[in-house]
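In structure tokens below, several structures.
Consider the two complexes below, in which subunit A is the common component and subunit B and subunit C are the respective partners.
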Partner chain A sequence: MTPQIALPATAGATRWAWRGSRALKGVAGVLLLLLAWQVSVPLVGMSAYFYPAPADVVTAAVDLVRKGILPVYLADSLGRYLTGLTIGAGLGIALGVFIGLNRTVALALSPLLKFMFAIVEVAWIPIFVVWFGYGIRTIVLALIYVVFFPVLYNTLLGVRTAPQALVNAVRSLGAGPLQVIRLVILPSALPGMITGLRVGAGFAFRGLVFAEMVAAKTGIGYLIFEGAQSQQTARTIVGMIVMGLLWLAIDQFYLRPIERATIQRWGLTVDAEQRT
Partner chain B sequence: MLRVPAVATAVILAVIALYWGHASIDAARKLDAIGAVPSRGDYRVQLDFAPERFHQQRLQDRGRLVEVRDRTVFMRDVGADDLRAIAREYWVSAIDRWSAP
Partner chain C sequence: MNLQRRELGALPFLAIIAAWWLLPRLVQYPAYMLPSIGTVVDFARESLLDGSLLRNVLASLARLAVGAAIGLALAIPLGIAIALNRHVADIFRPALSFLQAIAGIAWVPLTIIWFGIGNGSVIFVIANTIFFASIYNTVIGVQSIPLALHRAVRSHGGRGLALLTNLILPGALVQILLGIRTSMAYGWRALVASEMIAGSNGLGYMTMEAVQWQRTEVIILGMIVIGVLWMLMDRAVFTVIERRTVERWGLMQR
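Presenting the complex of A and B:
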């Protein structure tokens, strides 16, 4: 076997070993926390309502699945989340590109956008409830609002920092305005859009919990709220854990790979060496 | 690059397809006891546990819930499609006809 063939295999094995070791350390941290939690329960000496043990939480999770509650709540929350995220990101990207390319529009909308950005979605939810009632419309609107601003501002930044040298080069080759947008502006803004999407996706997750607490009768946010209301604290903790795991899965399996792929393959990034 | 999201989506879709397949087979089994399903009817829906508000609301969306006794929910005016939807719920253990008084 030649060294040229052996080297990538060794590198691959080392990478997997490194990943495995990292995962093991992560699992060990979680197990340690669970152990500390379980051990602390008799020491604290409070009822399961105040301080449920991990075993109570596992029992509550199994019960929620057996009774069909958790799958339905999870599906409802995910549906609302994806709808809000898609519409909010779409609007944020469209308006971000539009404002980034048009200085007059930017000057006209800038104060209004800054003002609206300062009003958090939590403040909007009561009035959304008045206008649209309890249910999916209010929740999705709140999520659109949360996702819209990070995506808008990051897209705007990406559009405005598009390398002027490349814009000029493409123009000098006879490209029209739409071609400049397609060939230079959008690839340049893509990493910003994805960063905004990732930030917005995180904010939307928090917004989802609050919106479901206030304006829904299903969903993980509602489970968290209702569990506490009905003195089923273990169910509240199940909701919190599901929320955390869901976010980890979305980030790990979707947002991070999409961000990496976008920046590496389609993103137009100019490093410091190229700039000088 | 986008292999991870593609695999994750494929796994999710496979799980959903498996669930739907299982729910359809399970629903057919539960409805076997009833025989031919009329356009509207009164039914007794059996659960393995005492129904919570969640279950009552889900059933109410499919017909008129008239009574809950222990682990049994009594329903009236349930359409054929609604009955099939109820039978697809895995937390419903059995369904049979009921003559409302």
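Presenting the complex of A and C:
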């Protein structure tokens, strides 16, 4: 934990003000980026097919929303993503705890797990396509795969590094195996699980977009890919922007709450924002 | 102990090979779904002998190296420059984190329009992936250097280059290396993925192309090579970098 400096009573208010001004600066940065894009359009001087202007992209976005395409695609992508993430993480945690409890099994399996994680999910997509065809099964499987291995591996590490002294202490107080798991093993494996989920979630998000480019007929990845294929480049950029916003939303409303509810509450780590 | 550990670790691989060998003897399925071990080994030998595997591997690695070099050469100096001023850093951080979220494979359709199929597209995507992942980490690394250290160096007359080499670089190094490592993991995926869509050779192209002809032995060999290459890179390059820098300077305990 970082040492805390005693703050005067008004610290709360100034911190909010400081946060507020930081957010304003961030907005200014985004606006600056948009301005640079707008200014660059006449400098590049190419057609909207080659280099669309912000106005083209706004028109395309309005069109996509009005036709009802964007909401459907967004819901499809989010559904696939959360399904894959939840199943992959659930399997990874369950198996990680199960395997981690046995030292020999854990030692035997970790090289294989490392190797499987090294065969990146992207490389599995061709064989998934051969096995399951183009469609949702291929996409969700690729997502489960990419989340499963880091969660499993990190859970395993967490279980293995649970302090033996605590296990002994709880045992000597009369705890059974299940209580040892609940009281010692799971809490000490928690940071590992969340780390694994973080790693997997980031890769899985790119994996989702790629899988949708290759194997879907809806979704944000498909929008990005199909826009360029059908010479509606502005749609591709709408897709990219929605993708970025979607990731920020997932980070803010899904991953961070999980971290807050688990690791931070138990005081196991401090997030980067607080450290600076 | 170590030997025992190694033998233990080999067991699951042997079990998989045994299952792979047994499966066609137990269950009926079309041969293209899962080729026999022999078919994969034959194809491996064939593609090694005619040099096509090596050409694909080298093409992929060369793109990764060029893309990473461009991305890092731009990201680290620019990241440091941005982070030196707290206000500038605050202005750019959200935009950078947004761009990091869309970095990589999502750019492929655009790069195909801009550069066509081939090297240009793939290298742009890798450079872009590595640039955004490492610039964000560089900014955070420099920003997380304690203000007290800043003041200490300054009050001893540290300015300009001295400030950079004595404070900024060592202080931000852990985070920068972490960023490089993460960005390489993303870059590697982006490489394989963009070769599948926009490549004309390379490992990604090789495996995706094989889908059309249902040549699963090509896909499986490609997957094994992709896995082995990544493990080698991760172990050889990054572990050495970390040992040479972070551990030697005592910035991180292991």
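Simple rule for what comes next: the second predicted complex is superposed on the first by the 253 of 276 C-alpha atoms of A that agree within 3 Å, B and C clash if a C-alpha of one lies under 4 Å from a C-alpha of the other, contacts with A are read in each partner's own complex, and residues count from 1 in each chain.
Just so we're on the same page, a residue touches a chain if its C-beta (ideal position, glycine included) is under 8 Å from a C-beta of that chain, and two chains touch if they have at least 3 such contacts.
Model, not experiment: these values are computed from the prediction.
By the document's definition of touching, neither partner reaches A:A215: not subunit B, not subunit C. By the touch criterion defined above, A:M243 lies against subunit C but remains apart from subunit B after alignment on the C-alpha atoms of chain A.
Applying the stated contact rule after C-alpha superposition, one finds that A:L33 touches subunit C and leaves subunit B untouched.
Of the two partners subunit B and subunit C, it is C that touches the larger number of subunit A residues.
By the touch criterion defined above, A:I119 lies against subunit C but remains apart from subunit B after alignment on the C-alpha atoms of chain A. Within the superposed three-chain model, A:P257 lies in touch with subunit B and out of touch with subunit C [touch as defined at top]. After overlaying the two complexes on the shared chain, residue contacts for A:W131 are found with subunit C alone; subunit B is out of touch.
Applying the stated contact rule after C-alpha superposition, one finds that A:A162 touches neither subunit B nor subunit C.
Judged by the touch definition given at the top, the superposed model places A:P111 against subunit C, while subunit B stays out of reach.
Interface residues of subunit A, counted against subunit C in their complex, comprise 22, 25-30, 32-33, 49-50, 104, 107-112, 114-116, 118-127, 129-131, 202-203, 205-207, 209-210, 213-214, 221, 224-225, 227-229, 233, 236-237, 239-241, 243-245, 247-248, 272, 275-276.
Contact residues on subunit B toward subunit A in their complex (touch as defined above): 1-5, 8, 48-49, 52, 54-55, 57-58, 89-91. Contacts from subunit A toward subunit B in the complex involve residues 66-69, 72, 217-218, 249, 253-254, 257-258, 260-261, 264-265. Residues of subunit C touching subunit A in their complex: 5, 8-13, 16, 32-33, 87, 90-95, 97-99, 101-102, 104-110, 112-114, 140, 143-144, 185-186, 188-190, 192-193, 196-197, 204, 207-208, 210-211, 214, 216, 219-220, 222-224, 226-228, 230-231, 234.
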